[in-house]
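Structures incoming, each one as structure tokens.
Look at the two complexes coming up: subunit A is in both, with subunit B in one and subunit C in the other.
What follows is the complex of A and B.
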């Protein structure tokens, strides 16, 4: 299998409402990424786009519209889509564009503009469900998360206060991220006292909606070695989709994340992810999801994630930092862009370029993961140096 | 050097203007079941990855991807969606098999156009939201402008474009899966209601419903699973400028560049001689001519004469859209590209029934993303 490296990265500041159009966000970030590795758009052989539902900005065939902004003019260009799992999948897609031997340089662009969905992007999610069995219930996305969080807490005897520690940790980590939207020093009591959205999910358990873009440059081994001394290799990729029928799944455990992780670990030759992975960026749109996903990523036994959290092992200075970037809770949740932000965080951490949030001890391998659709898809990427 | 990839199975439901009897889920299931039966594979055991091509808006759902795995046997498997034309799905599978990560893949796409009550209003949302959408035009005016420019630049006439509609709808009469077979005259087309000058109603394809699934495999797997594998010799895809203000109006640049990419991979030097027949995009009559020129399947400016002389008829020396194309079969939205692939594979296998072409070994399928997009893909298939 052909080796593929990440050689450049760019990211805009995540914010509630960006003045730029989606095209402009994509252009600015693509330029940042190319500048970071001294390439120009002429060096790019193909472009992949990740952006979540068209309903956010009410643009049908959104990737066509974003094409020239993303640098795809007169180039092979395609969009991949796995709901909330899109961001990390975009990295998988860029990987196979290059690994297939058909292209040497692939630009992976993710862009999200949620602020154009008024009054709130929640309205777009309501049209996800099955039109016969689910939509008529008038559910919001938060209800689904509330069910899952409740089931997870019940299955393992975990409390809301324990889960709140995830928000505290991630928002604190985000203080050092120059692009973060909602960093902060908060306490467990702040989380517990914040407004209840859908019990047991409280406002500070939830990541903000964001506008933003992240771009990575992927290159073949030969090309990467020519332009950089510090390529970061794509060691494994995996993605997996479970049934849409939420009533047919036991929500206490994300089996689809485990399957996707096993695909990626097999490719990377990882036998024991608890020891062989130095940093993890599990997707954390809600506080409990970081723990839930870490279990799916086989970073601990089922129900044990909260113990690692409470004894400090997942802090930035701990044994295996989780979400050193600040995650979706701290940096912001510009759906597809946040997925790729997690891959970008691994890139910066593994190159030792993460500035104030650099994980000590020269990390050599990291895993990033996103999740989405109707709580049914896991996408996983393993990077290493 | 690319790994060899073959199409080893296909399944489809007949294409019809309305399908009140089945939901899109049942349609996907039916097409998938037929494809797996045709390929002799079990999706749970034998297929490593699935790719589907659907747009959210045409299905009236956000994240349409959610609804897919259960209907095509892809639960807890690799599955992803490309919100793109379905020929991109074939190219995607070709790439994934070439990485060596997977050996057998399924590509699914379908159209349930009859569910859309106001498709023009829906397509209007694909216009640039800042500059164009607020003008409130019916987006198909773009096709009228483009046709006008193409006629001006190439010297092709409205009559020649009308011949494409006549030919393709007549071809469709021999295709039991086609929805819009008809025997028309050039005058019928020219005198039909003027929609977006110079585009008349019969120059335009009409929507149809239908689902298509194809199964692809690496060479080793294909040889063990299939007696008549159809080889994917080359794929290409390309996007030109999306904005109306900066695009090329006369020439289909996206098709030219996608064609060049596919020819290069396939090692095709002289397409007109090395390719035996083609299924190219004919969403509108003039598009077939414009695409034939872009794909170098005829000299520049000669596409009109080619159709006039009957060279692109089923009995001609370079048959084009023998299936009936979008004009005869019906426009299948994202699934259009797979319908082109379906026809090329049936012809190359010798399973095209009454419309079977004789002595064909290399066929080309090409698709365009549809109004208002400016992108498309090409695949070159062969039975050798």
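What follows is the complex of A and C.
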């Protein structure tokens, strides 16, 4: 397989409601990403699209609807869809299009417009559940996260106050992200006193719903070296799906993330991710999820993530920063676009172009991860310079 | 090139902009209706619920109980071997005290959705609701029993169990 690099990136602001349509968000971002590496749509050999459920927009064949904004028409074009895991998978997909040798330049476009769904996009998830054994109970998507957080806390003796530190850290990190929707200086007490949504999940444990788009440009080694002296290499990719029957796996640990991570680390030749990964962007749509996923990414032992958080190792200036971007909690959670935002963050960080968010010490390798489908898919990308 | 990009695209709107029609919108409310066959596995699972019984299936290769009952073992990738009756008691694996409904609307009285490990299944849990209890007294590991709908009101659905209550 050929080496593949990321050579350009663009994104929109993340917003609760964007005036732009999905097509317009995709177009603005794709143009920005191409401009960032001085390419035009004529240089693009193929396009991959990541966008989460059609039900957000209630537009059937949403990727085709978004196709013109993504620059996809009259090109090989395919959509990957793994629910919340989509964004990082879009990078995996772009990687294999180029690595296969079939294409030199692949545009990876992720777009999400959640705000069209009224009164709240959470309603669009009603058919996520098993229509026979689950939906008739009057499900809310938040139940799932509440169960998992409860199980995770119970398994390791972790408190809600400890977990709240993730929200505090990520919203603070997002203060330096120019596209962030919910950056801020908050305290653990603010999180604890915020509205109970589905105990133990409170309002400030939850990322916002967002509209937004992120685009990356992937290129083969030869092509990348011709157009930039700062390529960021895709060193590893991995993805894995676990059982849909949530009563048949223990929610305290995301085994599917571990499997995906092992696939990516093996490819990257990483033996000890705790030492060999400089920065991590685990998916953090909920505060506990950053910790839960970091454990699945083998960045610490099971139940130990909270210790690294509390002793400051995961701060932007710490030994191994987690979510230096501000994550979904701070930047926003435009589902598919948030996954790719995390890969874009690695790109900017590894090139030393992250501005006020720049992690000191010239990080050389990072891992980004997303999670989704029916809450049991893990998608992982390792980038390095 | 985050630091090199000076202007980021996107025009944020507020909820008011839509509610008060300050911008042009096109609205549509779908009216769709579906009927899903329950199939062989869930078909019998629900027929047994109607009789007041919880049934699972068993794979004799991995010796696992499959619950909700289904006709093939996804790990061994073979047809299951037998149907197994389980008890209508269990243990709370995890739970929530939920103040939000399906579309994130707020509920005055919380509901207590839970995963309940069914006795006789070797720890396999099903999703259901706990009630008839102070929500703040529910604990992981709590023992619970099914409260069934009266026979004549059962329709062969997961809701034939109204809820679970502490034993």
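Methods note: the second predicted complex is superposed on the first by the 385 of 385 C-alpha atoms of A that agree within 3 Å, B and C clash if a C-alpha of one lies under 4 Å from a C-alpha of the other, contacts with A are read in each partner's own complex, and residues count from 1 in each chain.
Everything that follows uses one rule, which is that contacts are C-beta pairs under 8 Å (C-beta built on N, C-alpha and C of every residue); 3 or more make two chains touch, one makes a residue touch a chain.
Here the structure is a predicted model, which is why all the values come from computation and not from measurement.
Undergrad: After the subunit A overlay, clash or fit between subunit B and subunit C?
TA: Taken together on subunit A, subunit C would fit alongside subunit B, as the superposition shows.
Undergrad: For A:312, is the partner it touches subunit B (first), subunit C (second), both, or none of the two (neither)?
TA: neither
Undergrad: Go through the superposed model and pick first if A:150 touches only subunit B, second if only subunit C, both, or neither.
TA: Second partner only.
Undergrad: Could you look at A:269 and tell me whether it touches subunit B, subunit C, both or neither (first, second, both, neither)?
TA: neither
Undergrad: Just checking: does A:61 make contact with subunit B only, subunit C only, both, or neither of them? Give me first, second, both or neither.
TA: first
Undergrad: In the overlaid three-chain picture, which partner chain does A:21 touch, first (subunit B) or second (subunit C), both, or neither?
TA: Only subunit B; A:21 stays clear of subunit C.
Undergrad: Is A:361 touching the first partner subunit B, the second partner subunit C, both, or neither of them?
TA: neither
Undergrad: Is A:131 touching the first partner subunit B, the second partner subunit C, both, or neither of them?
TA: Touch partners of A:131: subunit B and subunit C.
Undergrad: Regarding the shared-chain residue A:10, is it in contact with subunit B (first), subunit C (second), both, or neither?
TA: After superposition on chain A, A:10 lies in contact with subunit C alone.
Undergrad: Looking at the superposed set of three chains, what is the minimum CA distance between subunit B and subunit C in Å?
TA: 5
Undergrad: For subunit A, what residues appear in both contact lists, the one with subunit B and the one with subunit C?
TA: After superposing on chain A, subunit A residues 58, 130-131, 243, 245 contact both subunit B and subunit C.
Undergrad: In the complex of these two chains, what residues of subunit C are touching subunit A?
TA: 1-5, 8-15, 17-18, 23, 28, 30, 36, 38, 42, 45-46, 66-68, 74, 93-105, 110-111, 113-115, 117, 124-129, 140, 157-159
Undergrad: For the complex, give me every residue of subunit B touching subunit A.
TA: 1-2, 55-57, 60-63, 65-70, 74-84, 88, 91-92, 94-96, 98-101, 122-123, 125-126, 128-130, 236-243, 246, 253-254, 257-258, 261, 265, 369, 372-375
Undergrad: Quick one: which bits of subunit A touch subunit B in the complex? Just the residue numbers, please.
TA: 1-2, 21, 52-55, 57-68, 72-83, 89, 93, 95-97, 99-102, 124-125, 127-128, 130-131, 237-245, 255-256, 259, 263, 267, 372-374, 376-377
Undergrad: Give the list of subunit A residues in touch with subunit C in this complex.
TA: Of all residues in subunit A, those touching subunit C are 8-20, 25, 28-29, 32, 36, 58, 115, 119-120, 122-123, 126, 130-134, 136-140, 142-143, 146-148, 150-151, 154, 178-179, 195-201, 211-212, 243, 245-248, 251, 344, 348, 351, 353-355, 357.
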